[in-house]
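Below you'll find the structures, each written out as structure tokens.
You will see subunit A twice below: alongside subunit B first, and alongside subunit C after that.
Right, the complex of A and B next:
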């Protein structure tokens, strides 16, 4: 076969997939940046506005709150998710009866769609008929307005995220644990290392690249939280649960200010890109 | 860590410690599964029992009324069809496009291969949720679709269509990467004799490599199906009519009104959740292993 025809078929094989990727990933990324310098909307002709959107953004009190909420949410979800995922992985990595059942239970929330999770938790948090307040009343404790109280609504959403994601963290940690060779543990046992010493001196350091990978993935994912907020609180009460992507959605599809929303999206895009690049860089360092 | 007789080896040693560890694990499992149990319990309750105080843990007179009501909801059948088309179409598109591209990147030599593959890897990092506005505008302005002119103006493009639903997910950098990694590990001897017989690239792909790649295709299929079946944000933004909504947007609408009947909503949630759990339980081996080696799906 001639080289030429192989190359032609190679391009033909790649073209459809690459077309989709360019149309729905590369072009949008470029467009977002471009649109952020315009006032594009459906209502009037578009014109360039320079840095106006960014200036407005940096003085927008509601955007500041959304950024703050996003940071609180990201930190508050990422760390507990990883911690619980690690504990669960270490626990189900041992052999005991019912191990597969426990592992499956921990993984169930990750299989459940976001909206089904949100729906079930809306019912659990329901102020009057909800089981959580029923439980509190049974215990003689005061009921809570879980999603209606601005001081606890964001926390209540974070609980749902942690519940949904720690099973995924567990599965990734399990893969990491299975990569640790048994002889490392045997050597430690011969040296009479205690169980906690083994955990902190062997297991955790040998999992550091997995931990790092998870950290980046969870940060990138949490920074973009939207569906949960849309379905459970709509950003309320009093913007207490409004995040960057939620506000971007409102600005674009609620107020049709696509240019301004693109500026928000661009800020988010570069923040996330920065985290991804740091992640890729550190991951490479760790492996070498 | 296997069972160890030597002291100082396992994480939990004495009987008391072991009992405590088991109790903690059991408690964690109970807390994790509690929302599902509450969901199921509520789904079998009557409307009256939902407002009994204090709430009953188990339905006093379990009945299937809520499930029957959900199945008879207007649009329930249509939404199921839409979800199946969205998830099935996305899966099929990914299997074809990603395996073709993955094969070319792994096995064929052509100019610009490394550069194009680097582009695919770079696109892995693009955060999809933050790109939803331009993707919406692009899908709306596809030329000649939905009454658009050749510049993509004037009509609604692919909004409210199956093609619009599937298009942004029809191929993913992750899928291409997964398939390439698989094809690279297949020994070249498999295709050599066919190549000597004068078989073309596509024939080799179709007759030799594709049948070998069933494990990778299974993973890709499960992940693509799960992603689209569970997706909420894209159907929410793309579809504006009820008859084009999916089960996920339908479930959201079901509890967005003022007087939510939670027993009916919980029956709907249970029905939507069940298929993925059944798929998981029947393919658990593939799921855990390959999820583990491929990482999170965002």
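Right, the complex of A and C next:
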């Protein structure tokens, strides 16, 4: 009886949160999947189009480009962000003067408004008056059109993203590092293990749960990138920085093709779900 | 179209002057209940009840917001009169409030047409649309095709749309012979140049180019490169974004005698020989004449546009560009955009009033349109925002003509084609064309290949 009452209380406690989640996440997700089989525009009578949106999608070279850009961006941002975050965490985990200041500086970009960051980087990348090209000119190297050249624009955005996110990775790794018991390191030192051995044989393995968490979070976050692209390149030049979410936005709100945009959204949803499930499965297998 | 639930005559009768001098006053009870001294339990009960009341009122408030908007005497107006149009929009609204104190104007400003479109789509589909809005023509046309707008022919007292409004601008409001929006103002395009650079290059600013060859000669002479061959000043800046890319292509296409779409708007025609010639011309300017570099100046707008940064000597400008150039201290010269052989071409881009079919205060909405389309308001708005007025009489008004640059842009609008490509999918079509232009410029495809591919993408979009 007591147990049943506890369960009821528990359900009552989570009910408000559950209600909001269903209303704001589950219901829209289900509706979006439903809309992907229609030609809904919100302006004309909607009719079912079956799999037409998906057939169009898989033959749409712009969507292919957006998928490719998203994959390149995700890989290009996730791995360096984690790598730099780990390095920074190891560095600022040591005791040295100004440690708190350095930690704060590394983490500040994550706290700064995205639009403010974009504005600063637009200035840095400015082809004529920007400091980056100023530096290149001083070194006698040719100026670059960082955001105007389709071959380097996505890379330039990835740099901004890494700069902005590695502080967050650092904080999460730092928490992981501080969770590793000191006696493990002491035991290793007693066994004459060197710094590199300790790092690769103790620190890295014991941070694997944090690493997996970060990996999944960064992959999901990178798949959903939008703000930076909207603020800095608008998907250009030549769609070189157009990602799936940006194309969804443009298709839905720019071209009023909500059915087609919903198909894009559904594909993205299941892709992210797949990555999350794989991540969870790998984490379970490795017992991290 | 199924919109005429109220006849135009009825609407006219309901309209306007009825509201003048009639005050609608909302009384507010400022008294508040005093908090009695209470036990802890009573306090908690009271707090719970208050929280519940707040929750309920917030929820109901949200649900009933459409009803709230429909309050009698209240005119809910959404616009994108931001940026360079902000001051003019504010003046217009202030003047309206003063002239019609009986109408409470609830004005909401959005940063750009896309932002307003998002809001309008949500509002239209949830029956909370405003009574009136000003939007870029293609979005309004999409709403009209979806039967979401009121037909405005004969609905506005004292305004004969066909007789009084510039036909070039009004063409963008029409589906067949019916009009579903009324332009407040329009923009037109011309050839803008930096007079100082023109003089430096030994060119005559009084004789701007009248054909493509002269445009080419000017651009070559105006180009400045440093000793390392790096571009310092583009003789002619082809485009800084997608919109400018298709604008330049459209002007050149028209200049070569072509058009975007067939007369019945059912077939793309821009990939024909005229289109290829137009795109080849852009390609040659960059790759053969080297008057600019690929990507040079892309991204900068407003004061950051490379023309205003004095890094381009000429480009395709709209009347909205005047203030930025003047503020940047540029001695601005403008002329019509040259055709291939001789003469000028242009196109217009109207921003128009529209009344949603579900608007609850149509009379007030029509009153506002009538007020904004009056001669004095049209002249005032045009001068303050540097736009082309929609009213024919305003375009000929001496006060308007006293602004020489603006008057020239009004003249350029007469070079625009009589039968523009007015289709509700214009935004997507323009985007496709802009990509084709850039593909050719970036040497990813030949002009012919790029345009053919674009035409095959555009064709299904014309089945509306």
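Note that the second predicted complex is superposed on the first by the 258 of 288 C-alpha atoms of A that agree within 3 Å, B and C clash if a C-alpha of one lies under 4 Å from a C-alpha of the other, contacts with A are read in each partner's own complex, and residues count from 1 in each chain.
Keep this in mind: a contact is a pair of C-beta atoms (placed from the backbone, for glycine too) under 8 Å apart; a residue touches a chain by one contact, two chains touch by 3 or more.
As the structure is a prediction and not an experimental result, all values here were calculated from the model.
Following the overlay on subunit A, a clash is recorded for the pair subunit B and subunit C. Contact with both subunit B and subunit C is seen for A:128 once the two complexes are overlaid on the shared chain. Contact comparison for subunit A: of subunit B and subunit C, B touches the greater number of residues. When the shared chain is aligned, subunit B and subunit C each come close enough to touch A:253. When the shared chain is aligned, subunit C comes close enough to touch A:150, but subunit B does not.
In the superposed pair of complexes, A:204 makes contact with neither subunit B nor subunit C.
In the superposition on chain A, contact of A:187 is made with neither subunit B nor subunit C.
Looking at the shared chain after the overlay, A:227 reaches subunit B, while subunit C stays out of its contact range. Of the two partner chains placed by superposition, only subunit C is touched by A:41; subunit B is not.
In the superposed pair of complexes, A:55 makes contact with neither subunit B nor subunit C. In the superposition on chain A, A:283 makes contact with neither subunit B nor subunit C. Once both structures are placed on chain A, subunit A residues 122, 128, 253 are touched by subunit B and, in the other complex, by subunit C. Put simply, subunit B touches subunit A in their complex at residues 1-4, 6, 8-13, 21-22, 25, 28-29, 32-33, 35-36, 38-39, 42, 50-51, 53-55, 97-98, 100-101, 103-105, 108-111, 113, 116, 119-120, 123, 125-138, 167-168, 170-173, 176, 195, 198, 200-202, 205, 226, 229-233, 236-237, 248-249, 251-252, 254-255, 262, 265-266, 268-269, 272-273, 276-277, 280-281, 284, 288, 291-293, 295-296, 298.
Within the complex, the subunit C residues that touch subunit A are 114, 117-118, 121, 124-125, 142-143, 145-148, 228, 230, 241-242, 293-296, 298-299, 309, 311, 425, 427-428, 431, 435, 438-439, 442, 444. Contact residues of subunit A toward subunit C in the complex are 41-44, 122, 127-128, 142-143, 145, 147-150, 233-234, 236-239, 250, 253-257.
Across the complex, subunit B is touched by residues 1, 3, 5-7, 9-11, 13-14, 16-18, 20-21, 23-29, 31-32, 35, 88, 90-91, 93-96, 101-109, 111-116, 118-124, 126, 128-129, 131, 134, 137-138, 163, 167-168, 171-172, 174-175, 182, 185, 189, 192-195, 198-199, 213-214, 217, 220-221, 223-224, 226-227, 230-231, 245, 248-249, 252-253, 258, 261-262, 265, 268-269, 272-273, 276-277, 280 of subunit A.
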